[in-house]
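Taking it in order: structure first as structure tokens, then the write-up.
Order of writing sets the chain letters: A, B, C and D. Residues in each chain are counted from 1.
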Amino acid sequence: MSTQVIVINGGSSSGKSGIVRCLQAVLPDPWLRIGVDDLIAALPPALTDAGGGIQVGEQGRVGIGEGFRAAETAWTTGIAAMARAGAHVIIDDVFLGGASSQERTRALLDGLDVLWVGVHCDAAVAAGREIARGDRVSGMAASQAELVHEGVRYDVEVDTSRSEAVDCARTIAAHLRERP
Amino acid sequence: MSTQVIVINGGSSSGKSGIVRCLQAVLPDPWLRIGVDDLIAALPPALTDAGGGIQVGEQGRVGIGEGFRAAETAWTTGIAAMARAGAHVIIDDVFLGGASSQERTRALLDGLDVLWVGVHCDAAVAAGREIARGDRVSGMAASQAELVHEGVRYDVEVDTSRSEAVDCARTIAAHLRERP
Amino acid sequence: MSTQVIVINGGSSSGKSGIVRCLQAVLPDPWLRIGVDDLIAALPPALTDAGGGIQVGEQGRVGIGEGFRAAETAWTTGIAAMARAGAHVIIDDVFLGGASSQERTRALLDGLDVLWVGVHCDAAVAAGREIARGDRVSGMAASQAELVHEGVRYDVEVDTSRSEAVDCARTIAAHLRERP
Amino acid sequence: MSTQVIVINGGSSSGKSGIVRCLQAVLPDPWLRIGVDDLIAALPPALTDAGGGIQVGEQGRVGIGEGFRAAETAWTTGIAAMARAGAHVIIDDVFLGGASSQERTRALLDGLDVLWVGVHCDAAVAAGREIARGDRVSGMAASQAELVHEGVRYDVEVDTSRSEAVDCARTIAAHLRERP
């Protein structure tokens, strides 16, 4: 079987988005990229401003409510359907619940050939890059750096504190399964 | 049955996105918004830079290739799956093919209760707003103003050259079907 | 003498930026546009996050501290110098202090030929457009709609609740003074 | 005398903006940041679309016309005036003409205490980051990597292919002159 979905998991400011854009550039087939940031952009104000949705609180800690969880499940179900309809999809995600987030995602992607990718970045380096980008709440990078990988199992892991995004993308591309 | 999907169709700079944001604010349930601009943002460079994808040419005319069409079909299939999984979805679209675009979309949304909305705007007004927003290729608004509505059938139509976005949203909201 | 600086004053979501882009498109000479939003983007986090700078509080009310005021004075002094060095400049501003803001700006633009433009918009219409754009704190439009015009004297006034941006721009352009 | 202006020069995708944001975060006084990208954003369409202005051509090569040059001179004159009026200013620039660009800038900043900073980045690394960011014309990074430093003299030089942005910022901060 050949890879239909690439799930990229990493903390805020770990460099996932840059790797995803490089993957799109280096892979010969067209791959769509969709991330949790797109889901957040799709939400109504009621699910980003207040209880029930997603909020960023003290120290950049992210809170998730039931309304957000319900939207996320429908969203991922839809992405799975895109892949079953023939699209190659890269999902750019942040597993705030670690292994339990992976299990939830795995269940929704049932039957698809998924490549699980972990994007690591030293917490201190990610915190510095958070300052450099200037568009994220301070503290998100540090609070998520370890958390999102707890108990998660990967097919391939990269570290953006040690390698450039384009090199990480090449490493990931080398792990894609091709139909024989 | 109650409305599960709202499809908003209108030309570039007709004011669709503003109406969609107002709809999200005025509707009591949470509605996700997903548009053709999100699909374009999800595409790899190979499908936006060159043959096979989507390009904006002379006078803002948009060209569509087979690669884009294939991605769009999988994408809309996925959005339909989100709605079937329980999400309320507003699709912000541009029917470059008029009635044939609607038929293609209708087939992919099969079995869902869809409210079809036409967003009109005088071509000259839309062209002026295209200048005012400053982020679109000149000519798109004028070339699409009539084209996208050719042969399309709607449940409700609004005109942003005559009404504010929030009033258009209220008109649309009044047409939503609620389960008895 | 001919106009060297156009100062456009209006509340949040009154449609100033659209008018400014239309002015740049319709005027035959090149005009630079610089606004208070550019100053805010230039500030360090210490002047946008906390005391001493600029913050948006309850109901979209904007608070200004001494640090912001000092930066703004140097900034406007610099824009005046750009105009004295030969650039045509459109300043997109929000006179939170009404007449006193105008006096402060007038003093810094000393010796330059300035066209003062007021951009009005019904408070209710501006509040609706604030929802439609979706990127401003709720309440800014309503709280600023009248406030910013208190005691201010204009060479020309336009109303975006009654006219399109490009028509407002043409009205303003007709008031530019040309050297005989 | 103490440093009034920091001029940061480096090629496209060399990481200047990230360093500038880190500098603003680590320096105790408030520093304004203004860059050539802000000038380009201030220009009318006539100076970015066509002859006389600035354009990005084949291989990301940037062409500069007389209209752009005139606007740039007035712009830098204004930034110098901001600094003379008491603002601390960080200028984020790209010396397409190398030493001659520096001379032009130096003349306009006459009488100010300027810290000249060179931001280096290996051409191949910058080209990879250009792909990762996904919002620049392909080729700009490679074509500017060496070009912008030709004959330029610096007070301090950093290399983002070897150090993180926040560390580069600390190196630069250590070179600021303080009034005794």
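Here is the rule we go by: contacts are C-beta pairs under 8 Å (C-beta built on N, C-alpha and C of every residue); 3 or more make two chains touch, one makes a residue touch a chain.
Not measured: the values here are computed from a predicted model.
**Q** More than half overlap in residue numbers between the two sides of the chain A-chain D interface, or less? Answer same or different.
**A** Same; most numbers are used by both chain A and chain D.
**Q** Could you tell me which chain lies farthest from chain B when each chain's centre is the average position of its Cα atoms?
**A** The most distant chain relative to chain B turns out to be D.
**Q** Determine the centre-to-centre distance between chain A and chain C, using the mean Cα coordinates as centres, and give it in whole Å.
**A** 40
**Q** What's the distance between the Cα centroids of chain A and chain D, rounded to whole Å?
**A** Using C-alpha averages as centres, the distance is 33 Å.
**Q** Based only on mean CA positions, could you tell me how far chain A sits from chain B in angstrom?
**A** About 27 Å separates the centre of chain A from that of chain B.
**Q** Do you know which chain D residues sit against two or more other chains?
**A** 25, 45, 134
**Q** Inside the complex, what are the residues of chain D that reach chain C?
**A** 24-25, 27, 30-34, 38-39, 41-47, 67, 70-71, 73-75, 77-83, 85-87
**Q** Where on chain C does chain B make contact in their complex?
**A** By the definition above, chain C touches chain B via 15, 17-19, 21-22, 25, 125, 128-129, 131-134, 164-167.
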